Each structure stands twice: as C-alpha cells, then as structure tokens.
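Chain IDs A, B and C follow the sequence of writing; residue 1 opens each chain.
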Amino acid sequence: MSATKIFNVIVMALYIQFSNLAFANGNGIVVFQSDFGLSDQAVSAMHGVALGVDKNLKVEDLTHDIPAYNIWEGAYRLDAVANFWPADTVFVSVVDPGVGSERKSVVLKTKSNHYFVTPDNGTLTLVAKRLGIAEVREIDEKVNRLKGSEASHTFHGRDVYAYTGARLAASAITFEQVGPILAPEVLSIPYEAARIDANKLIGGIPILDPAYGNVWTNIPMSLLLSLTKAKNYTTLYTQKFLVTVSQAGKFVLAETISFERSFAGVNEGQPLLYVNSLENLALALNQANFASKFNIQAGGEWRIEIVPK
Amino acid sequence: MSATKIFNVIVMALYIQFSNLAFANGNGIVVFQSDFGLSDQAVSAMHGVALGVDKNLKVEDLTHDIPAYNIWEGAYRLDAVANFWPADTVFVSVVDPGVGSERKSVVLKTKSNHYFVTPDNGTLTLVAKRLGIAEVREIDEKVNRLKGSEASHTFHGRDVYAYTGARLAASAITFEQVGPILAPEVLSIPYEAARIDANKLIGGIPILDPAYGNVWTNIPMSLLLSLTKAKNYTTLYTQKFLVTVSQAGKFVLAETISFERSFAGVNEGQPLLYVNSLENLALALNQANFASKFNIQAGGEWRIEIVPK
Amino acid sequence: MSATKIFNVIVMALYIQFSNLAFANGNGIVVFQSDFGLSDQAVSAMHGVALGVDKNLKVEDLTHDIPAYNIWEGAYRLDAVANFWPADTVFVSVVDPGVGSERKSVVLKTKSNHYFVTPDNGTLTLVAKRLGIAEVREIDEKVNRLKGSEASHTFHGRDVYAYTGARLAASAITFEQVGPILAPEVLSIPYEAARIDANKLIGGIPILDPAYGNVWTNIPMSLLLSLTKAKNYTTLYTQKFLVTVSQAGKFVLAETISFERSFAGVNEGQPLLYVNSLENLALALNQANFASKFNIQAGGEWRIEIVPK
C-alpha cells in the first residue's frame, strides 16, 4: 500500500469517525415550550437534563410565557413556528394541567419530519393538521425517564419530556425506541374554521400578537384572493372592507378598514387589514394597540367577518 | 511498521488531538443567574464576555428574575437546579448588593464536582449544605479580571465572575489558578430546619412556585414517611392532614388537606398536599393559586405544621 | 516517506480539513435584539431560521424587551454591549416601526469588525459613532431573503435580517455579497452631548437602569477627571457635588451627592454618584430606586448638571 493510499484510507476512516459526532436521527436541536415562565429554576432544570444527555445538543426555546394551563395557546405557538425550524428538530412542549392523570405522553413525528414530545392533551391539534401525522408513539416511561426521578410525579417536563426529547435529538434512541406505536391520531381541540360564505369571509381569532396588540385571524390570504377574484381589482392594496367582530354572537366592532401592504400604508393610529407573518389576515393600528382599543381578545367564541365594500 | 499499525497509531494520536477540543477541568458549560432581569444589556454583556473567552462554550441561564438583592432566593434557585446539570458545570451567580464592599469573591467546588462563582454573601448557603464543600478559593482579581475593565467597580458580574467562570469552564485556567485556597466554609444565612416534633411535621416555606402560586415547604417526603410509618396505611395517597401556617407566630391558615399523587387527585380549585419536583412537601390548589388565595409568602418567619388526622 | 513524515502530513491535512468547520468571515455568533418580547413565537422563529442556515451557529440574544418602536433604546443597547462581544460577531437588531416603508435594510461593518444587520432608521446612531464606520451595504433582498417568504411583507426580522445575519455569521456569504455598497454613513438621531461648560459638567440621561432605577448619564468619567484636575483632590471618592436635573428646562431635582467607589459607600437608601459599567457617571440610591423616588425618566429632553461643592 503506497503512502498516498494509506493517506486516503485514513482520511476516509477519520471522516467517518468524526462524522459520527453529528447526530443520526435527530438534528441535535431541542426546542422547549412551557407555561413555567422564566422566573424559577424549572426551565433551567429541563435544559440541564438535556445537556446532561449530550452536551453537544443545541438547546433552544420557543416561549415559556404560555398562560398557565392554556393548551390552546401552546398548540397555536407550536403551529406558528415549527416550519421555521429545520427538519428533525425536536420540540418539547409542556403545558400539562393533567400531569399525573391518565393523559398519554407521546411523540408525534410529522410528515415534515419534525418531532413533538408532549402530553397528548390537545397541544398537537394544529401541527398535526398542518404538517401531517407520520407516526405517533407513546413514551415508555420505564425506559425513557431520567434516572433517579421515579419518586417525583409532578415534573414530567423535566423527568420524561426533556429527557426523551434530548435523547431523540441526540440519537441516543431511535424514534422506535420512544415506545409502542399508537393509532396515527392526536387529541384535537375544536375551533371555528376559516371559510367563504357567499360574499363574506368568516373565521376566528385564534391569537393576539401580544407585543403590539394586533388581532390575528385564521383566514389565509388565499381565501381573500378567491373571494375578490371576480372583481378584477388592479391591486388589492388600499381596497376597503367592512370588518365586523363578535364574541359569542354579541356585536363588538364594525369598521371600514383598508387592506394595506404594510403598516406604513396608513397614518399613525389608523387601522389596517394586512397579511401577517403566517400568511393570514390580521388587524392592526399603525403604531398603536388594536386589541385594547376595541376590547378584542382571542379564543373559540370570537368570530370575524370581512366583506368587500 | 505495517500500514495497519501506522493507521492505528494515527487514529489514536488524532483522537487525543481532537479530544483536546473538549475541555479539561470544566465541561464547557456556564450557567448564569442574577437579579438583572432581561430588559437591558447586562446579561448579554456577560454572555459576550464568556464567548469572548472561548466561543465553543455552552452559555446557559438559570434565571435573571431573582428579586433585586434577594440573596436567599438566589441561594434557593441554585440549590434547586444544580443536581440537574452535569458534573463540572460552572454556575455564575450575581446577586450582589455589596458589590465594591469587602465581601469576598469566591469559587466553591462541591463534592458533586459543580463549581459556583459568586460573591460569598450567603448565596452558597444551600448548595454548600446539600452538595458538600470540596474546596473554596478566593478569586485573584489581579489575574482573573477582564482586560481593560479595571476602571469599573460596579459590574463584577461581567468583569470578574463571568470572565472567571468562562475561563474555568473552558479550561483556560485550572481551579487552582482561580486564586488562594480559603477555609472550607461559606457565609450561611440562618433558616428554620424541617423536623419531626412528637406527632407533627414542622418546617418552613423557603419559596413559592411563582408560575402557579404553589407553596413549597422544606419538609422532605421522607419525613412524612417516618412520621406515618407506625400507622401502617395501605397508601398515603388520599390520607388527610391538618395543615397550619403561621407568620412570625401569627396564625394564617388551618385547613384539612388530603395528600395526593398529583393535582388531578382533587377537583378543580380544591387544595392538595403533594410531593414537588424537589421531593419536598408542597401545597397547591388544582388549577388555581394557593398562595394568593390564602395570603401566604415565603421567607424565614413562615412556619408550617402538618398533623395526620 | 517515513511513517513519521506520513504522520505529520496527515495531521496537517486533517487540521486544515477540520479547521474548515470553523467559519471564514463571521465568527459563528449571531446576537438578536428586538421589541418583540419573549411571549410569542417571533424570537424563536428568528432563531430557527438562523439555525436552519447553519446549525453550528451560536444563536444568542441582547434583549427583546426594547419598548415597542423605541429606536433610541435599541440604539442605546447595541452601543452598550457591542464591545463585550468578540470581533466578527453579527448583531441583528429589529426595532422597525417603518417595516414595509422605504427605509433601507443595511449591514454596517464597524472599524472594530462588528456587523450590525438592521433597518437604517436611527438604530445605528451610537455604534456608528463609538466604533466607527468601516463600510455600509444595503441588503439585496432578491438574494438575501428566506426562500418561500416572498408573500410576507411584515416580518423582515425573520425573513431578511435573521436570514442575512446568519448567512454572514456562518460565512455562507461574504460581506460583499450582502448587497451594494452605500455611502459610509447611517441615519442618526440627534441627542445632547456631554461637555464641560466653565465649572460644570453638562450632559443627558440616555437611559435608566431598569432593574434598579439607577439614572445613567452620558457623561464619561474622564470629563469629571478633567473638571476636577486643578483641585488636586487626594481622591475623588467621598467628594461632594451639587447635582441638578431638569426636563425640557423645567427643574426636577437639586441635591448634594457624594461620589463613591461603589454602592456600599453610603448608607441604605442614600444617594451616590458613581461610575457605571460603561465608564459613565450615574446616580443611584443604595438598595433603592433613584428614578422612581425623584420622578426621573430618560430621553433627549432630560439634562443633568454636576458642580463640585
């Protein structure tokens, strides 16, 4: 064997050797979400458990400011962000009012190859629908549980979910080793769908943009395009719409609002209809708070209707 | 030397070479805690200094929401989380009302091989007791201080603690190079210990769970087992206890509360006694706020008594 | 070729090979700042986009608690922290009330070799002055924009700034590939400069320390040294000064305050003048809130005068 050949063999062998430092099934990224806040040690304990599994993991956060026990908002945040993280990212979501009860602990693998480690309590409603269910497995807590944590029954986020998510992301276990396969379905929370009804768009208000008080609807821009197609507008921008909002059937707001490319399209303090970062219709005041001015909140009982003028 | 032998020698040599990328004494993880909040640049400056020491470090946080100057809560958070981080993790804790005064800047190495970089002002009270003191060293600020920061006397967290903690975690210095060895003791804050007194458990309320308003005691589950051993219960779960709480001798609460495996054991809004994630007894309302309902806070003057019914 | 020579060649070749894992122009660190808060998915989406560019990046934060639309405070925070991050760090700052309007999206390279990715709306006022402008380039959004995000006009922070900043830090693009070079200037917000006027120091209050209520001036310690040089004090510490504060010409405070090495120099609740972590003069109460006690805020219309007694 010549020196050159030896060299090539060695380089190849070492390449393989050091490539193994990279991760097999996961991509090495774990993203945490919870309703714990950042003021105590709970989030740091989850991060510590994850880096204890493998200190080469990237440990990141979605948010820990989900309102306590608000499974719907947890579902919403996961749905809003998942597509902006690379494939094979492992999300660990712990909004778990039923900790210790009989709700299942699961890992959802979506068709987009994202993983979601969470109690199956509705948290997966929206990602399952948007990204598609590839497979659901129940976490086998006999195997996938932080060693020494057996006496604690109230912090599954740390002892089971963080530990299992980190092991999956670090390829310490395969997806199959999470536990037994379940039927390809998740517990879903009902919510009002966006739709065209005659000459109107109808939808819900799943969330507010908390930093600015913008009102986010679940009506995709594509529905507005369908509705207005026959009108042959040169451009939708600056067109006016009658927007009505109601809560549980009770009238809250009716206002004529123009559709704008961005906030700068209207004067300071004026309302606009725009396309948010999720490609859905939203309402805002330029440099002011739409939701607080008009007393609008988010949730299943809220309904919005949009009619071209 | 055969090609195979050459190969083996080289693989070994390179393994050693690249293993050096890993860190010698520290494990490459620095965890920050402070009372700075996250709204200004202080925490980011500490992270920047750490990554300026070695950009391969993992820079993590415990919390930065310790109430201003609340050394006790800083001590509590460190104690609650340290064991969930791998050995050789370096904690940097900056709750430092006496910055610039004569309090010592130290690094505690515990018997569990965790490091704590902090002013010795009581912050180490609980980790020193739980994890055991292996060695205490005083930071030699002539050597272990960010270059160019000599004129600033008010941000030791960045200039001394972050810098020293990062250098220790990155193995830029050994523990010995921190500075001179001190007596193996730390400044300790007095607090009421948990104990059995005749037929009662007595203890304190070191902390509230801020996200949910649960009241955490310092009474370990093991004391409850000792107390109730003679009763030969089939199971402790659902057993009832008379719980009384007082502040500085003044009566605050007396309530009969059942011991439950988890929150789901009682109806919404009802109280329960349970084992928290630190294996201590705690009080909660299922999906509501125990502390605010009964006006209970945490601190040295609070006392809790638990009597089997 | 001897085995030793083969060994040396291979080690050198592999060293080069694995060194390439490091980054060319950027240093692999991206630091995010915004007015988004941490309660929704916006910050996590930016982090996800960055790690989608290259999962070996270090993704860090300055703060996301800039008050909504407060460009001045964004400028201030960048200026206060940049020097504590290593050269080649890429800062991505998104305080962008004019998103969608005609403000330019730029990358500033400073003479200190830091990069700032941001709308050119005043955010760069202070870092451009302190660190010096090496080169300014406009972001070519046709090339430097997250694939698939073209329909969204309201989240440039994620789609353009995070993506471009991450590509720069990961050396996926060179600085030249950001886009066309601009004149070496940035949009600057006017503010009152610190100066000596006869026997007085005059300056502004650019910011409060939000955690403690300390009042930070823009008067550097060096100006105090110049002013007091002729007095031949043995030490400045404990010297007394008449401090007056006014807002838009209206008197707010006049108080005799001593200059102290640190907070511990005065009794609890007493005021002091000290050098803050930016080497500027600042006002505080030892363990209490100066700004709220005396109703002082930050901003261009605030003026402070300091006269030796």
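Just so it is clear, a contact is a pair of C-beta atoms (placed from the backbone, for glycine too) under 8 Å apart; a residue touches a chain by one contact, two chains touch by 3 or more.
Just so it is clear, the model here is predicted, and its values are computed rather than measured.
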Rotation, 0 to 180 degrees and nearest 5, that superposes subunit B on copy subunit C via CA atoms: 120
Same vs different contact residues, subunit A with subunit B, by half of numbers used: different
Whole-Å gap separating subunit A and subunit B, where each centre is the average of the chain's CA atoms: 31
Per-residue overlap in subunit A, given as positions that touch at least 2 other chains: 6, 10, 14, 18, 38
Complex contacts: residues of subunit A adjacent to subunit B: 1, 6, 9-10, 13-14, 17-18, 35-45, 47-49, 51-52, 55, 59, 68-69, 97-101, 151-155, 158-159
Interface residues, subunit B side, partner subunit A - complex: 3, 6-7, 10-11, 14, 18, 27-29, 31, 38, 58, 60-65, 77, 80-81, 84-86, 89, 207, 209-212, 221, 261-265, 274-277, 279, 287
